[in-house]
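One chain, chain A, appears in both complexes that follow, with chain B as partner in the first and chain C in the second.
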Partner chain A sequence: MKLKTITTFALIGFFLGLTVLTAGEKLTGLDVMKKVYYRPAPKDMEADLIMILINSSGDKRVRKIKQFVKDYGKVEKKIMFFLAPADVRNTSFMNWSYDDPNKDDDQWIYLPALKKIKRISSEDKSDYFMGSDFTYDDLGNRLPEEDNHKILREEKLNGEDCYVIESTPRDPDYMYSKTITWVVKGKWIGLKRKFYDEDGEFLKELTVEKYDNIKGYWMLTRVKMHNVQKNHTTIMELRNIKVDIGIPDRMFTERMMKRGIR
Partner chain B sequence: MRKFLISFLFVFVMLAPVFGGDLEITGYVRNYTGVLLHGDYDFSIVQNTLNLNFELKSDKAALKVNPYVYQYYDRGLEFNLREAYLDLYFNSMDIRIGKQQIIWGKADGVFITDVISPKDLSEFLLRDFDEIRMGITAAKLDYYLGDSTVELVWVPVFTPDKFPPEGSIWKPRMDLPPNAKFDLSRMDMEFNLKNSEYFGKISTLTGPIDFEIMAGYTWDSRPVPFLEREIDPLTHLPVSITIIPQYDRLTLFGGSFSTTVKGVVLRGEAAYYIGKYFRTTDPTVAEGVIEKNYMHYLIGADTSLLGARVSFQFVQRWIFDYQPTLVDPERHNMMTVLITNKYLNDTLTVEFFSYIGLTDGDALIRPKITYSFADGFDIQIGVNIFTGSKGMFGQFHDNDMVYTKIRYSF
Partner chain C sequence: MKRNLLKFSWLVLVIVLLITALAFVSVKKNSRMETNLDKYMPQNHPAFIYSNQAEKWFNIKDAIVIAVENKEGIFNPSTLKKIKDLTKKLQKMREIKKEDVTSLYTADNIVASEGSLDVKKFYKRIPGNKEELEKLRKEVEDNEMVFGRLVSKDETVAIILARIDDDTFNQNFYKKILKLARQYEGPEKIYVAGRPIVEGTLAYLMPKDMKRMVPIVILVIVVVLMLVLGSLKNTFFTLMVVLLSTVWTFGLMAALHVPIYAVTTMIPVMLIAIGVAYGIHLYTHLTLFLKENPGASREEGIEDMLTQMWKPVLMTAVTTMVGFVSLVTSQVYPVKYFGLFSAFGVFVALLLSLGMIPAAIYVFGLPKIRKKEGPHRPEESFYYRITDKIIGGRYIVVIATALLLAVSFYGISRVWISSSFLAKFEKDSEIRKTDRFINQHFGGTTTLNVILEGKEEDTMKRPEVLKTILEMQREAEKLPMVGNSFSLGDFVKRMNKVMHADKKEYETIPDDKNLIAQYLLLYEMSGDPENLWRVVDYKYKKANVTFQLKSDDSKALKEAIKVINGFKDKFKKLGIEIHFAGSGYKALVFTDLLLEGQIKSLLLSLLIVVVLLTIMFKKLSIGLIGSIPITITTAVTFGVMGLLNIPLSSTTALISSIAIGIGIDYAIHFIDRYRIYAHQTGDKLLTSRLTMYHSGRAIFYNALVVIAGFMVLIFSVFPPNRTLGALVSMNMMVSFLGTITIMFAILYMKNTYFKKGGKA
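On to the complex of A and B.
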């Protein structure tokens, strides 16, 4: 199973890829998106996630999370420790997601005020994560085969040669009518994506502000999602990223949810 | 109190190097104002709260102290420690010693296997649950085996539930004989080992299912109202009745589970109580109470519906070997409903919660709106509506109220 987390976002197809394009190879839109999707990914990862929510008045709210993710093959386990703001501090969230597409994620939340771990139903993929402008689906692993892809054109973005890919969902009830993605040739990193709502109206735009190569993995370390309809913006930043460090299995347990991170 | 807090800080700062970390201070201040919706619109509560958490953590140990202060407009300061404990972390085992809240079970807002921490019912069930559950002095050991945990708890000092004081609008209605007197001489408990409480639990958290199996040898947290009747030798009618409340031992076994089926979380929890005294109207029962066993259980479901979180619970208390003279019904049924939704990028939370008494036809309805106008700052407006005329909730039908809570967390 591919490692998917919120950072993940840094890891999912849209953001990362190392496959080298063979000279002269003629690619389809699906080929491009598969190259982005099926690329090497770390076995585990630890990182600090800073999320800045900016409303239409310019007021900022900041969320800080420490997260650990580990890929076990058929299951990927993720645990998140909320550090800020103060009213959610010491809350923890654990998610086990399965490579079986028919199996829902298992999720638990530990609420320090209740001192209890609660199993919760999987979020609707169209729900927004923690009041941000990212839906759970934006942060997850959407298979390339779930959309039809078309190369619209090739153009430069931020000095990088890109394919511009239009993706339309095969499921007519999907929350986006289409997305348009700028994928860097050779690096297979998405640099920008535009989302259109169910009525075909421009909804939001994701832009990459910073990316780094960490132990051979291209990872986005700062991205911005701007919802043009609500004039609301979310900036996600990853700090202190560590990959392939051998996170112990005991990290993804009831014990750690209750104890929290130091 | 200031000296006390300064002493605290001093101790923590001194201990910080031992724990290899910095002292972390978090907490909140809050104003909670409620107005009754009947009569002269009296204030039901005007409370200012300071709640502090002092924590030191390392890989091997942790120390936490949680003092709080309630300041009311009509009485003195209430100061106490909700928790004050030391954690020791070993390879496969944790030990917690000190005053602590211990919460078991999968139920929301209902206490079935959650019997270790006593309850502060000074304001009925209206307080936040972290304030209803009182800390108790205990030693707790958790031993970890893969996805499972064995937990053992020793409570050397019994602490009963806390009830509203005389004159409080939350004092439960009691149907007492007109000539009844109280003798509280048996309420005191001796502080010795034989009065300890013991609990054990095995819990497992896995992908398909989470479950807990527990047992406890405890005290009934509410005193049993034993009666003593003085009988007129001529008429054989009682001349006077003395109520002698006394705490009694209880043994219980129980368990709980939660699992996910097609996006719906199903929960269940049950406890079988042995040796609980129930009040009887049978005049031939001299002490006025009869010992029975009973089952307390719930089934519940949580799901998402049209973007909202929805949760239902059905709760039943079932007295075995029932006798019609018992004051309590053989089966007491209740349900709870919770609907929550968030708007405006999670800054506005709308919640509807209700206890619905199916046996007595009463209910407590608690809608509320919480708006977070900045990180850490939130304001809440809600109402508590009691319906019915009898039962657990109907008895407070004159206590409908509207309230606001303004809170800053730091």
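On to the complex of A and C.
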């Protein structure tokens, strides 16, 4: 089962994959990307997400979010509570993401000052996530089969042996004309990824600044996305990660959204 | 002594040709037009520093406006497709950033019902059937962020805004945009407007029109010169002085890598008006000398001409140069350059007049004098009669002048300043028609940015701050020239309404700061945050309120600024400072600076001219009398502008420099002759008559030539050049009349150069 969803947790799902093929066999680009995509991931996770947004003039804004994620097989549920800044504390956001590619995510938002829950219908996976430099797709909603993959070369990056893979979308109208990913052999982590826009120009660079092995799962704990065209940067960091802790189902309800984090 | 020098005449001519050739090469190699109006602005002026900074904070750029009109309404598949296609084409242009294009196709539409929030685009695929089109229309009508801003309220026009960097605009780019727009014509009409277009076209059209008009001006001057000088040779070399001084000046400018600005194109105009004078005076003197001394040799003719005329020619040149150099006090670089290089041009004209003209006479021989019937009898000439008439009516002259001044001062009190670029175009020109069309359907094509600066983070999330901002917007929108405005408050209002199921009564700012913060977070998460960063900074400390004005002239801008400044105290209490930014505001500051500088330099040069005249003629009274024509000319120029409702602008203000430069020359020639004849004859009446016969004639010729030349500009297709032609012609006329009437009358009455009783 894969974890697909809308935040850093999904990055983990995207970058860490199950080793499907046995070693020694000659891998194709698609094989490598599948290894990254289908890779052991925890059943559930609780963590603090620190999101740092930096604009072109170097102004910095920090958001602190508490998040819970649980994989139900056909659906992955996630709930997020804002801890900071103070004026948005307890604003909560819930997302149910489905395995069925034809089924859109269900999303809810709760504004504590309004005391109202609204269901959000968003139609576009290429929308930017929470005003960050990540699109929903960047965060792991994209199936390996949606692109054509080609191994360009093998090289070392940060002392790790990597495959360098070029992925071009099968849909010519997709927001990226291509991406290039550095995947660490054996760990099946994407260490770096370059995005090129529709016109073929360099748009963004994703770098993994930190990853850890937590209870046997390889997890990316600090990632940075730099949009070179807008000169805008988003850093996402996971802290206090707890995995496979048996988060109860009632955590992913509207009632919980309203109650907020105590 | 001078005769020996004449042997080098050939050498002089060769050197002149060589330098001219060098200047040509330099112009060909290095000359560069500067069309970016930002380069004209004094970048270190506090208002400009602030505005430029604010433009970076909020990504403020001027936009090209492309309007798509369909009289049947825009909600049909064909028009919607054109909006989409045009948007996409513009986004793909190399000169335009994708996110800088805004239209109904790119706009966010956040709508909500009781339980849900829907973030989407108005349309992606073209709606095909009636229901879909009707739904889209309803959504547009309900969205006050779009209705009346991107789609006109009568639903017949939609606009696409392409914001571009200051230095992006050039003629090729404009042609590309026009070509693109034309592809989508019919049945829809496509219009292209916006400040970059206006500025770009202006910077391009003005020199272009000059290029076309200057040859005609020169042609007319040649004809009139032929008439007054009566000699092809004299005409040719008088003209050469003007043309070569222009070429040398532009050659030097190119060699020093100073680009050609719009005002620099006025230099040839100035040099034509000023430079012909030297030749006219020299040749007129020579002709008179030859009439009085038939059979004189070349050497004698040249020697007499130079001994008699070098001084007034030098004096006129020096005073003119001083007038131009005084423009260095301007804070505006192009005007500084204009002053310096015009002064250089005058210097060259002086050199050529005193060097090339004698050399040419020596090499090519004396001009042939047209034989008139009868012997040479000045006593019967027109000039004697006119002199007597003026002396007879001198009190009338004084009274008439006083009346003229009174009327002029009334006119001056009505002079107004215009920073409008649009006003420089013909009323029924395409560019103004388009502008009117868009102003009719939308908020306005001119933008005024009001920058609010708080002291701490999140200031702009406070309800009382947002309410005051909206109050300011409403107050300014009451002005007829303010079409609409846009701020963070509009976003918050919209979110509040949307989150309350689109109920009209919630189109307000909520009282809870946390709710505002949560709305904004929601917008950031669901909409395009780039839109937010155009109205507020990242830390919610500073805000940008945009006002759309229907006119780009100073009056409209100043009225709006006045209303906005009325909120200064209110904002101060909230810990917020008001500043202004944007191209419209910069043009306003720029115009004020330009005028301030020019008026300062005008007064300064008047003063310097009085001092110089006093030194040259060693008499304060002469200094004062000599400044009479220029004072009157300046007063009349501004007076007429006030009376005829011609605004003071960068071009018209420069004309006053010509008034000084030329008016003073007439006075100097006249006074110098008067002084010489006074010493020679000791008879006041004879002195006056001889002066009029000699100097008066030359001045008359000079005025005639320049007036005729500049009248040509009245037929220019470009209104500022027409105004220029009319004003310079009038200037010359007033200077000429002022010199031979009032200045002469006062000179006569003052008994200067004569002891009591009229004897020297």
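Quick note on the criterion: the second predicted complex is superposed on the first by the 243 of 262 C-alpha atoms of A that agree within 3 Å, B and C clash if a C-alpha of one lies under 4 Å from a C-alpha of the other, contacts with A are read in each partner's own complex, and residues count from 1 in each chain.
Keep in mind that, in the parts below, a residue touches a chain if its C-beta (ideal position, glycine included) is under 8 Å from a C-beta of that chain, and two chains touch if they have at least 3 such contacts.
Everything quoted here is computed from the prediction, not taken from an experiment.
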When chain B and chain C are modelled together on chain A, clash or fit: clash
Which of chain B and chain C A:I120 touches, first, second, both or neither: both
Chain B versus chain C as contact partner of A:V75, first or second or both or neither: first
Contacts of A:K156 with chain B and chain C, given as first, second, both or neither: neither
Contacts of A:R255 with chain B and chain C, given as first, second, both or neither: first
Partner chain(s) touched by A:I109 [first = chain B, second = chain C, both, neither]: second
Partner chain in contact with A:T91 - chain B first, chain C second, else both or neither: second
Which superposed partner A:R170 touches (first chain B, second chain C, both, neither): neither
Which superposed partner A:D199 touches (first chain B, second chain C, both, neither): second
First (chain B), second (chain C), both or neither touched by A:S57: second
Superposed model, chain B segment overlapping chain C, candidates 73-81, 289-297 or 397-405: 397-405
Chain B and chain C contact sites that coincide on chain A, given as residue numbers: 53, 55, 59, 61, 85, 87, 113-114, 116-124, 127-128, 130-131, 230
Of all residues in chain C, those that touch chain A in their complex: 56-57, 92, 97, 99, 112, 115-120, 458, 461, 499, 510, 512-515, 517-519, 521-522, 524-526, 528-530, 533, 537-539
For the chain A and chain C complex, residues of the former touching the latter: 53, 55, 57, 59, 61, 82, 85, 87-88, 91, 93, 109, 111-114, 116-124, 127-131, 199, 229-230
Contacting residues of chain B [partner chain A, same complex]: 21, 26, 28, 57-59, 62, 87, 89, 94, 101-103, 105-106, 128-130, 133, 142, 144, 147, 149, 203, 205, 207, 210, 258-260, 262-265, 267, 302-304, 307, 309, 342, 345-347, 372, 374-376, 378, 407, 409-410
Contact set on chain A toward chain B in their complex: 53, 55, 59, 61-62, 75, 84-87, 89, 96, 98, 104, 106, 108, 113-124, 127-128, 130-133, 230, 232, 250, 253-255, 259-260, 262
